[in-house]
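The following blocks contain the structures, represented as structure tokens.
After this come two complexes, each holding subunit A, first together with subunit B and then together with subunit C.
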Partner chain A sequence: MKIQDPLATRPPSPALMAGLLATLAALGLPHLSHLGIWPVVFFSGTLLWRLAAIAEPRILPGRGLLITLTLAGLGVVLWSLPVRSGHVAGSALLLVMLGLKQLESRHRRDLYLSLLLGHFLILTQFLFDQGLGFALYLFGLALVLLALQAGLSRDQPQPRAVVRSTGLLALGAGPLAVLLFLFFPRLDAPLWRIELDGAGARTGISGEMRLGAIGRLARSDTVAFRVRFLDQTPPGKALYWRGPVLWHFDGRTWWRRDPRGRPPALHVDPASRVRYEITQEPSHRRWVFPLDLPAQVPAPLSVDADWQTRLATPLHERRTFGFASWTRYALPVLSAEERHAGLQLPEAVGPRTRALAMQWRRAHPGDDVGVVEQALRFFHEQPFLYTLSPGVAQGDPVEHFLFTSRRGFCEHYAASFAVLMRLAGIPARIVTGYQGGSYNPLADHWIVRQSDAHAWVEVWLPEKGWTRIDPTAAVAPQRVERGIDGAASAGDGQVVFLGASAGWWSGLTREGRWLLDAIDLGWYRWVLGFDTGTQRSLLAWLGLAQAGGYVSALLAAGGGMLFAGLFWLLARLPRRRHGDPAQQLWTQFRERLQRGGLALPDWTGPLAAGERARARWPEQGADIDAFVRGYITLRYGRTHPSRERLRALRRQLRRLRLPPPAPTR
Partner chain B sequence: MSGIDRLLRRLSLRPGQPLAIDARHLYILPTRFGWLYGVTTLLMLVAATNYANNPAYLLTFLLGGIGLAALFLTWRNLHGLRIAVLPPEPVFAGQPAQLRLRLDGQARPGVVWQLGEQAVLHDLDERQHVIQLSFVTQRRGWTLPGELVIATRYPLGLFLAWSVIRVQAPVLVYPRPAADPSPGTENEERQATGDDEWQGLREFRSGDSLARVDWKGLARERGLMTKLFSDPERDHPLHIDWAAHALADTETRLSRMTAEVLEAARGVRPWSLRLPGQTLGPAHGVAHRDACLRALALHGLPQEPPA
Partner chain C sequence: MNDHGSTTERLRGVVEALSEIIVGKHEVIELALTCLLARGHLLIEDVPGVGKTTLAHAMARLLGLEYQRVQFTSDMLPADILGVSVYDREDGSFHFHKGPIFTQLLLADEINRATPKTQSALLEAMEEHQVTADGHTWPLPHPFFVIATQNPLHQIGTYPLPESQLDRFLMRLRIGYPDPQTERRLLAEGDRRQQLEELLPLADDHTLLAWQEEAARVHVAPALIDYVQALLQFSREAGPWQPGLSPRAGLGLLAASRAWALLHGETRVLPDHVQAVLGAVVDHRLGSIDGVDSARGLIEGVPVP
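Right after this comes the complex of A and B.
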């Protein structure tokens, strides 16, 4: 016996078909930014063609034309995209074929395949973009696909009923989806490796400093990383996020050395130990920026002799690392190699720079601290200006900055300061990284943006060892205390630091940004960042520390069965009878009578029931009468019962007091 | 499905005995699209695993969960469905018989009713519904409609839930009335001939033959009158006799006699039906006609409907 499907060969209703085409268009169009214009143009063209065919089915292509179009679609994919990046070509192919499938859809059963492919199309979108807003958009469209699918199994799909049953399905499936998400065994390594090349712009600290490079970064609001302090939060002045350390200077560019060996000995103040987590945005580089100075770094990271923290491979996705740092420390050791590198100078140093350093040296013979203080005073007292657009330096950039322009930002100050120190015979090195950050009170974390990128200097003083000196602070202390985040740049690139009385508007926008940031981080922490590690800690938290994938699978299966059981129970619940609301009220009235001890046969009419009830509760006679009459008017009256009258009837019923029979002895 | 078809338990539906589809008689399997959905979900799982893409995981698990939820909703769409069959009306062989089923008022969208080759789909809402299905009858006598399949693919078309019901509502099928006028019988309509005896006039009643209107009288302004003749055979009953069809085989005889009964029932003369071992009438009227048709339908067959 074959059970037929009377709907299968029916043509889809225009509304259903148009709904499907619109949904597919909404699903496919975001690929414009991932796959380029041609596959999307082809896709849109087929959709429009099919849309026109709703009114005029004769314009649908025949078999021969369809084959030609398929070849054309393949051609578009091969011609416009590199084949080697599998997921790009795959997504484009899916897009093109999904469009062609529409031209072939004549019956309702043809639509099922399109709906499935639509879900797959959503998956391909996730390969390119996983942002929260986009994900919400796509999940919404997935529900629309399901609603269309629900419409296909009905004769006359009523939008409200279809939306209801789709909602019921999604509600039922949600808990199971979450359980599976949490406990389904994950793989650490991909099944097959296709390079997901997210090349794009490589933002972040580069490990080199060409004068002018950080200036461009400082304008970028992009989040570099987020920090959550686990116990105490250090003061804003101590928030130096240590990155690459630069030693060599050729007159224009500073760059790193490759330090060998382990971190040297140091003294620390144990009370200044801070524990925190850094969630690093994909930087496509290996650097991570812990708080100066990192005491403990987690496994995939390593620290070298310059206290630079690095990953083994570049970071292509968001990751979270747990750190501990000391904010008060001393680095007393200066190796011969470090002394040599810390005094290195380019061949040509500007004569005025050299003269200035010599002058300071002569003023403080044998007193390095005195030289440092003199230099800071120089920056503070001379008319230096902190600005993000210092202009292009002519000739020797250090000399130009110190004596001609006197306009610059952190790297100009740091670079000139380091050169002056080296000229005076004091070993100096430049540390790049970030400084400060903005606190998000909603999510209780700090946001460090690319605009917080900073450069400062470490000088080696005989009494204190390597000591952090931030010459920028001498010129613009607000930059260090508040960070650029609170700063708005004026027209010519001058930075205006905003105080607490920054006005309600900027306060409001800042809180809005905090909220968005908190939501975004939540999405990342709980959804995007969930991996085998998180899963393991979740299992450990549940007391299943030794659980492998096996227990995980068991949990998932158990959850599935629990879900199945719940749904089974739900399915067995008696169905609520819908129907006339007046009649529902009448049923309630009958139940009240029954509870009051008056059981009436099913066939008792409203008038007879009212009479019996009045006889039993004479004191409530008027109320009973009013209800019965109201019910008769609503149920059998000429006009459709209005909402108001229904509500009045409901009130009457609620007012009705039918005391139960007195207990008999 | 034909392999397991024999193994399925069936419910029996009799007139006056409504039934509800219970879990023991409700079957469910994935449809072809359901299998495809499963395979697609698995492929999506593989893709999500490979790219370690958490939104993709979430989408995959959501689709999986929805598939599972659909399993229950499909099952629930038929579970507890109460059906009553109304006693079917007799039909002539070759005509479609109507099977009418009355349902309880519960919302059940997308339910397929299949009887034989005929299948209809209805979205049942809270109102009471009567589903009408027809089936072709071939032979006279008591006939059973056969097996009714109630199925649903609601809500997503992923699963097919169905129940097979043996409908024990026998339909009485009368013999197919012969189309050609039966030769050699005395059952021809007689025209008013000169031999008929003039009896008089009476007021015209609607239905009187225009040939018998007293047109001359009308012209003489005596009003519209009908001429009455006495038919010598009018008061003599008509005999529809098995023996009069001696040359034809049984079914042809019955078929011709059926046509004669129908013819006689249209006329005014009483008639009698003679079958071997059985004589009905002479009488006239609908009850007599039905009794005659029943006797013809069941001639040589069991008199009682199959249980």
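Right after this comes the complex of A and C.
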């Protein structure tokens, strides 16, 4: 057809163009944190250029300049991003080209392409972030894209009509999306599970301890992981989430050893077995933090001789693992290597520190437990202060902390304690991880945040084996019992532990946080975590699992047929034109004539069409005539087509019976 | 205001009566009457002896119009049509003697035999609906309708009308030879021209003016305007024609469609009506391409919206 959509070749209205540009900007800007600054700067530049061109179309670039710009955009992508990470470079390329497309958008039809590509841009955002809040943001923008499309297909968009057709589009797409989400066959590697090459920020326990490092974490509210206890919940002071174990100390930094072999033998209290699930946030590291001490870890995880639990590859997405742990246990074995490493000391140890340890040793000869108790008393009785901002250590950090500042947090206490133990000849190691967590009653799970990061000490006692000692508890027992969540920071960073009767607002905000947390975990569990396994169990629950191994093939075939059916339906739908509803009915009439075997050229006038139809179906003559006259009155008559008249016309059309010709012999 | 039904019925009566004189040319008669109702002038192009003059004369008789016939020749001057100022010795001043153009229906026979100067004098008067001579202006009567005839252009001794002049005729019609049966009837029953003198008028000039007004009021919906506009646009952009249809052609097309609708008892114009008059209105403006009339290409190039 030669003249299909007279709107297509007109320039878009300034409001529509500006709306599109604003929406694209809102869609593209989050890529700033994924693709780096340059592709986004290029993209924003093209959008601003096009925005300025609304008022002054002459500044739009010509063909030559456009080609140059395209090459420049390609250059920006290649120069600023590694090509090897395909999805990053690909997203950047889409972003840059979408910006360039705006510069050559002169007609309404160009905008349709931009709208479609806008949806693709949304898709690329999900490659980097699948959080619920972000998803809602993108969903809102998808609706705006639909609204723009609805506005674009109208000559003079009325807000109500635009809202209506946007709603209809979204409502129509909703069930289909749910259906496809539930039943469309999933790949074992989901679409989003693309390995990120660690460009993002890294939070969490690092496997190394430089005095001061955990202090920064302590203020981060970011969720580290969530825990759901399956049968019994251990008491708060037993919630030690075990992470990297540190052995070597050079006077300032503690680091791990390379533990070889399997976990050594242990004694456990069978009644203390706890089963739980940990949903670990993406940490971009391999550490996972089971409850001290892991009894059973799922397949991709492994436990080493230091009872550190690790993944084979860094964790870039949220995952849930099922665990079992012993909360009461004994580790009686001390290898020669462990004894050696557990007594290692830096070459220069502060003389006052050494003297203090020697003094304890002399007071309790041959009684390691006595030394430990003496040390804990020391921390408890001397004016030590638990604070998150201990200040910069002068000289030997351990000596400075023990005798000068006496201000610090868990890692200061743990490090100093371990050094003192080693000086007294007791093997000691530092365990890092998290301690405590906050219970979310709405979601029935525990949230462990980065602020719950903790460090404690394990000493080897001849009677008990490796024993957990938490010197921080000696100074600030509330830190251990109530967790840092129940603490508020006083002005100078000194932590004040709040009682149960905190202000009502703090309770409210806490419950608000619980709610958000519950929603977020639900989003993960039910949407992002809906993988092949979940799908299979859903199908089993529906009684569709009998196909066994063929279920995927069946699903694929079903999905394919669903799509084919949809396309078939779409192809059969009457081609709706904007504007006149009477005309739509006329189009339907013409299509019915065609199905009945009477194909009329598109230039046939209504009278001629009616006449041809009457000649073809003489018995229906009166009905055909009634419809044609009704249509003529509505479309060409003087009266405005009212709803009732349209409905009457629709009825007349429905009443028409136009059987196809009988097959000739 | 006349009742539509009766207007249409009376117009059908005129068509029937004309069909008695010009046998077997129903469509030509309807188009000619449509042209008159649309206040346009008519150009009939055909070989001599197919009934051009008879058609004009019969229309004048039936509609009760004053009728003049001018045979154009190559030595004719503008004054021979428009009139001439003559000095009156008695009162010592010039008096304008009105020419044959001062009539309600003028038959300008074989207009392309006259020189361009004379042709344009007639056409200007047609367009302006008045005659100016010696600083005075004399209006032409109401209604005023010109039927010009011309011989096919390949005949010797003709001055073809320029395109700009052709545009002033609302329609151009070809009468054509009668089909064999009609011709046989003509030969058997003798010439119909004698009946002309016996014809009684079915209307008068006032009635015709009322009909013309009624035709101009036939409803045109936005959808139809869209269609006409698409046709004009197509003729300018997509077709093989250079130039396309003028805005005047568009207005004429709409007026003719309205008259056609009235003649066929419709109270609003439909695309069918536009298509019915399209050939007569546009063919002389666009010419034919490879022997195929332009209207066909135009109609089939533009979908009815």
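We adopt the following convention: the second predicted complex is superposed on the first by the 366 of 665 C-alpha atoms of A that agree within 3 Å, B and C clash if a C-alpha of one lies under 4 Å from a C-alpha of the other, contacts with A are read in each partner's own complex, and residues count from 1 in each chain.
FYI, contacts are C-beta pairs under 8 Å (C-beta built on N, C-alpha and C of every residue); 3 or more make two chains touch, one makes a residue touch a chain.
As the structure is a computational prediction, the values presented were derived from the model and not from experiment.
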{"item": "Which of subunit B and subunit C A:G637 touches, first, second, both or neither", "value": "second"}
{"item": "Touched partner set for A:G560, first subunit B, second subunit C, both or neither", "value": "first"}
{"item": "Which of subunit B and subunit C A:L168 touches, first, second, both or neither", "value": "first"}
{"item": "Subunit B versus subunit C as contact partner of A:P462, first or second or both or neither", "value": "neither"}
{"item": "Comparison of subunit B and subunit C by subunit A residues contacted", "value": "B"}
{"item": "Subunit B versus subunit C as contact partner of A:P606, first or second or both or neither", "value": "second"}
{"item": "Contacts of A:P14 with subunit B and subunit C, given as first, second, both or neither", "value": "neither"}
{"item": "Which superposed partner A:Q583 touches (first subunit B, second subunit C, both, neither)", "value": "second"}
{"item": "Contact residues common to both interfaces of subunit A (with subunit B and with subunit C)", "value": "1-3"}
{"item": "Residue ranges of subunit A in contact with subunit B within the complex", "value": "1-7, 87, 109, 112-113, 116, 119-120, 122-123, 126-127, 130, 135, 138-139, 142, 146, 149-150, 152-156, 161, 165-166, 168-170, 172-178, 180-181, 184, 186-187, 190-192, 194, 196, 527-531, 560, 563-564, 567-568, 570-572, 575, 577-579"}
{"item": "Complex contact set, residues of subunit C against subunit A", "value": "219, 221, 223-224, 230, 233-234, 238, 267-275, 299-305"}
{"item": "Residues of subunit A that touch subunit C when the two form their complex", "value": "1-3, 580, 583, 601-608, 632, 635-638"}
{"item": "Subunit A-facing residues of subunit B, complex", "value": "1-2, 5, 33, 36-37, 40, 43-44, 46-66, 68-70, 72-73, 75-76, 79-80, 105-107, 109-110, 112, 114, 119-123, 126, 147, 149, 151-157, 160, 162, 164"}
